[in-house]
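Below are two complexes that have subunit A in common, paired first with subunit B and then with subunit C.
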Partner chain A sequence: MHSDGFSKYHPLTNFLFFLGAILFGVLFQHPAYLLAGMLCAGIYYVLLQGRKALKAIAGMLLLLLIVALINPIFNTQGSHILFRLFGRPYTLEALVYGFAVGSILVITLLWFGCYNQIMTEDKFTVLFGNLAPSLSLLLVMVFRLIPNLLSRARQINDARRAIGKGGDDLPLKEKITQGMAVLTALTGWALEGSIVTADSMRSRGYGAAKRTCFQIYQMGFGDYLVILAAVLAAIVTIIGAVTGATDATYTPLLWSAPVSFFLPVYCIYLLIPTFIHVKEVLQCRIFISRI
Partner chain B sequence: MPHIHIQDLSFSYPNAEAPVLQNISLTIHQGEYIALCGQSGSGKTTLLRHLKSVLTPHGVRTGSIHLDDTPLENVPAITQASKIGYVMQNPQEQPVTAKVWHELSFGLENIGCDTATIRTRVAEMACYFGIADWFHKDVSTLSGGQMQLLNLASIMAMQPDILILDEPTSQLDPLAASDFLNTVRKINLELGTTVIITEHRLEDILPSADRVLVLDQGRISALDTPKAVGALLWEKNSPMFSAMPTPMQVFYRAGATGQCPLTVREGRSWLGSSIPKTPPVSYLPAPKPFDSAATALEVKDIWFRYSRDSQDILRGASLSVPAGCIHAIVGGNGAGKSTFLKAICGSCKPYRGKVAVFGTNTKAYKGNLFQNCLAMLPQDPRSLFVKDTVLEDLQEVSKDTAQVCETCQITHLLDRHPYDLSGGEQQRAALAKVLLTKPRLLLLDEPTKGMDCFFKQTFAEVLCKLKQQGVTILMVSHDVEFCAKYADFVSMFFDGQVLTTHTPASFFGGNSFYTTAANRMSRAFFQNAVTADDVVALYQKNREAAQ
Partner chain C sequence: MKKSTIATLISLFVLIPATLLLSRILPGRVHYLTSTLVIVYILIPFFLSFEGKKPSARVLVLIAVLCALAVASRAIFAMLPNFKPIYGIIIIAGIALGAQAGFLVGAVSAFASNFLFGQGPWTPWQMLAYGTCGLLAGLLYFRKDKLPRDPVSLGLFGFISVLFVVCPLLDTSTVLTTLTVFTPTAILGIYTTAILTNLIQAGCTLVTLLAISKPMLRKIDRIITKYGLLE
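So, the complex of A and B:
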């Protein structure tokens, strides 16, 4: 993947940022804030994933459209009736509200997409390792199991294809039978492997004493700086939210609070990782050009 | 003072008729390198597991084990965890965590070290083992060799006095294996760590071993220096002798006397001192060349890459395999050998070139390619097992299993669970399953990986029988000794292409590095001796000529 500046910060910094971004994204219904959220999250997502992101974003926008179009079918509140569907009113307000709900969904998806790339499972467990060492180890092992099982499933599939079992052009019933066989084999293999892993754990003293948790990441000056900036921006945004700057209603009538200076502050908060990413890229360019 | 002292140890598993270990008495000193060998089922692993309390199997045990004069069961678990390191066979299943750095620190976390100590120890180990470059990687992205090195490093981070290794390299290719064994040797020499190791590749460990312990049906049948053990096994006419290094086998089978050679270098100087520099008979008559009119497999100029922006793995590979022969492909790691097999059977789709099986393009077969035509035995035989017994697994393909079971010599294993079989038995059971599709062209991916020399022999018998039945066999292998002995043709695979194809004698006879031990020790004197049998035959001819 592309190298990213923000991911080099301490897991706590990363985690706090995403916590705020996702909470704000879910709570704010004001259309301007939704738009800002989508744009900021989208930009960072594209920076992280490159060309691959565009395809994913196209999919998300399609989802947004579907949610928006479906909402008025179930939600008939609103005063402007566009047309009647099966005798039920299909209103403008419900349609707009559908767009708002869809946007919240897309914002959450985008931030989680970024989160997954930045907060690798080891960072997550580092965060909670000191609180619950055994639980965090359990999580690490589960995270490890999933890619292992997938690659194993591929291996079994390939092996079975080469003796004429399985393949892409089978009837559905046969496909299910084959899938079940692969699943049984996977379970057996996982159980067998877990015996070896358990032996390997015990032989390295697991359970022999109280476990400590090794911290490979250390908080630096930059971390405190970023956290300070994020906390300041978040406090201002929260003040805005409490005082009603992010309020909006959709049904029965469309209304939203006037856009104030809280919006740019919110944007600054959301763009923190983007700033850091761009700064890194530029610094790299400058260093290279000096050589 | 003895380091480990085993007195009269006997052990049997619950409900088993015969004991696995019988009256084992053994004293191991600090810093010794002990090689443990024996046929599969002779109790090697059981003995090793007794040296660490948490791994000791359940069963009836008599006798005692002392570690530094304390009975092992009285040594606290935390001391055992750090003082006795245990490396197992399977590289993939030993790591617990997802990151290399986390794996290195795992043991230290368990025994309650603080972050500062762990930081230093982990850094130290990463440098000593040369893994600083992949320190931040995911464990799942490592190769088998790297993974096993990581398993060793994460144990060494706990600074053990004793290192126990149970067939650590059986799943590795030869290059990674010798890397690993060199590291073990380095640890033994530089840190004075006691090493107890079981291993198939005796050629690689005997030169470093202080003593060799041979187990036979749970009893110690020999315990001495490598050379003395070799002499003893030859005298006793023990089947274990065939596992000894090639120079030693050649020496005794040729009927020579004196100091027995252990390494290729010693073998070469022994040959030099016992036959003239330019011997009267320097080559064996070439065997009748394999002759077949029909072609089983024709691969023409195939290109393949895994994704659009990755590099080409196959770069115009072409190969023609005559019907009814055993054709072997050898080559380095990552040269694309396995991918080549996958491309033939369609798991990978080449973007250029064509593959024809028995004269028909594989694409034209539609769904019938794997019926009575082509089949492949995967590298890990366990990928083929999906049922609870071997018999059920075989019946998934065909009900008519009797004959194939006999060919593969697995009739006595039919009621067992496939995962309970040993590596060699699993390989044969998987082969049986593949054979039930009645293939005329059989592809084998690393068939001898993890097999000891006895299983290899049995496996070779099965292959020869199949060849007699007219099956064409194409195998990819790292095992040059096996290819030299049983293949009709050998091809070199390099950089995504098949470079050369020859008979084993001229192929290995012409190589100086990528060749068999027998050829390396005899190449200064003989022209095309590639197996131990060849060298013995030529040696005896020359001795007769001299008299």
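So, the complex of A and C:
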């Protein structure tokens, strides 16, 4: 996503934000915080994905409903019995609890959906390249090899088709045999190629000295500003959580702490990428209108 | 002692008990977080020892190729949407390269394929499950002649390990995210609803190993002997 403002920030800024958002999302079970989390994550998800997001969100809400409806079947605690299922009580409290747990699941899915858009593999390796050099190199090579292997697999497929093997409308057994033949052919080619790659790496000095990391991202003023804002909001939210502002229980009795000013602070934290995204879009509009 | 050994010991004997203790003290639904942390602590020693060994270029590329094959295999079978040969390839990697490399191939393929199909709360569980698959294969078959290595017995091994080790590990992640009480009936309920998909996965592994374990193992073994890779 090139149009997103937040993805232009340093990978560390991105990573820290998502780490906090997902941690808070998993830990808080106060209904107001769950609702806030779902809305904030949902808004950013829609901003990132556009129309595609709505379909995914519909799927997630269905999942939420399933988790919520199934929960009272297993969890029979609670004082308001709605009806009896197979002789076991189906309680209101357990149903509400199911909705809460389903919401937690949806919040994590939404944040991970945004994370997948922002934290691409290059950003991930920039972040962890110095911590685990061999592993990040391994990961980079895997990402390079996958498209390589797939295009080679297409060539093998075409060649096989030219001699009358393979095709689209085959019985299941034939399809599997054909796929396996391609896979073994690919293995042989990839393994021989790996030795050539390795020798080429060694002759260019792999392992001769400490490898440095190619850094395309620089921490700028904006990054420090965003991190500072996020850390401040996170600290206030954590204080709220420690003092019990985010507490809620569902079974056996429904109870939640009164909503306090910690909730808007939590929302500010979650809306940071949305603010940046909207600011960028508005700036772009203004610049275009001046032309 | 090497730095990686110290880190492994700290991770296994200090961090894991501390995290488990913390999950008993803290209120609320922290169990998902703490269980994920425990998985991370289990993964760290494997990764550290790989880093500590400073792998040679040839070993590094060989492992990368096997991971890429595992990830790409799903796309090669795109005409059969539910067919996933990934476990089969991880098992073959474990048999050919040993337990540790097998674990690495499994964990890295899970992680890499999630960059294509989406990271989520399931990522650590997948890394652990796929890694265990390669680890088991390496422990049982690497440089051992006691167990038969013909395609049928390897296929059966794959079927059993996927059905009873890999899939239950993945389902545990579902159990922890969706349940509010952990009674035996509730947990069994989740595991049984998943049994059909798990059987399909195990069947795919069986078919994969029946069809390609022999040629693939021969090819990898040949490269290893020809270039003296594991010495």
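Points worth noting:
Here is the rule we go by: the second predicted complex is superposed on the first by the 220 of 291 C-alpha atoms of A that agree within 3 Å, B and C clash if a C-alpha of one lies under 4 Å from a C-alpha of the other, contacts with A are read in each partner's own complex, and residues count from 1 in each chain.
One rule holds in what follows: contacts are C-beta pairs under 8 Å (C-beta built on N, C-alpha and C of every residue); 3 or more make two chains touch, one makes a residue touch a chain.
What you see is a predicted model, and the numbers here were worked out from it, not measured in a lab.
Once the two complexes are laid over each other on the shared chain, residue contacts for A:L282 go to neither subunit B nor subunit C. By the touch criterion defined above, A:L35 lies against neither subunit B nor subunit C after alignment on the C-alpha atoms of chain A. Once the two complexes are overlaid on the shared chain, A:I239 sits clear of subunit B and of subunit C alike. When the two complexes are overlaid on their common chain A, residue A:F214 makes contact with subunit B while staying clear of subunit C.
In the superposed three-chain model, the partner touching more residues of subunit A is C, compared with the other of subunit B and subunit C. In the superposition on chain A, no contact is made by A:L62 with either subunit B or subunit C. Residue contacts after overlaying the shared chain place A:L54 against neither subunit B nor subunit C.
In the superposition on chain A, contact of A:T197 is made with both subunit B and subunit C.
Once the two complexes are overlaid on the shared chain, A:G98 sits against subunit C while remaining clear of subunit B. Judged by the touch definition given at the top, the superposed model places A:L228 against neither subunit B nor subunit C. Overlap of the subunit B and subunit C contact sets on subunit A: residues 121, 133, 137, 141, 143, 148, 182, 184, 188, 192-193, 197, 199, 201-202, 206-207.
Within the complex formed with subunit B, the residues of subunit A that make contact are 121-122, 133, 137, 140-141, 143-144, 147-148, 151-152, 155-156, 158-165, 167, 169, 181-182, 184-185, 188-189, 192-193, 196-197, 199-216.
The part of subunit C that touches subunit A in the complex is made up of residues 27-30, 32-33, 47, 50-51, 54-58, 60-65, 67-69, 71-73, 75-77, 79-80, 83, 85, 104, 108-109, 111-112, 115-116, 118-121, 177-181, 183, 185-186, 189, 207-208, 211-212, 215-216, 219-220, 223, 227.
Residues of subunit A that touch subunit C in their complex: 23, 26-27, 29, 67, 70-71, 74-75, 77, 94, 97-98, 101-102, 104-105, 108-109, 112-113, 115-116, 119-121, 124, 132-135, 137-139, 141-143, 145-146, 148-150, 153, 168, 172, 175-177, 179-180, 182-184, 186-188, 190-195, 197-199, 201-202, 206-207, 247, 250-251.
Of all residues in subunit B, only 52, 54-55, 76-78, 80-82, 86, 88, 90, 92-99, 101-102, 105-115, 118-119, 122, 139-140, 151, 154-155, 158, 342, 345-347, 367, 369-371, 374-376, 378, 380, 382-387, 396-397, 419, 433-434, 437, 443 touch subunit A in the complex they form.
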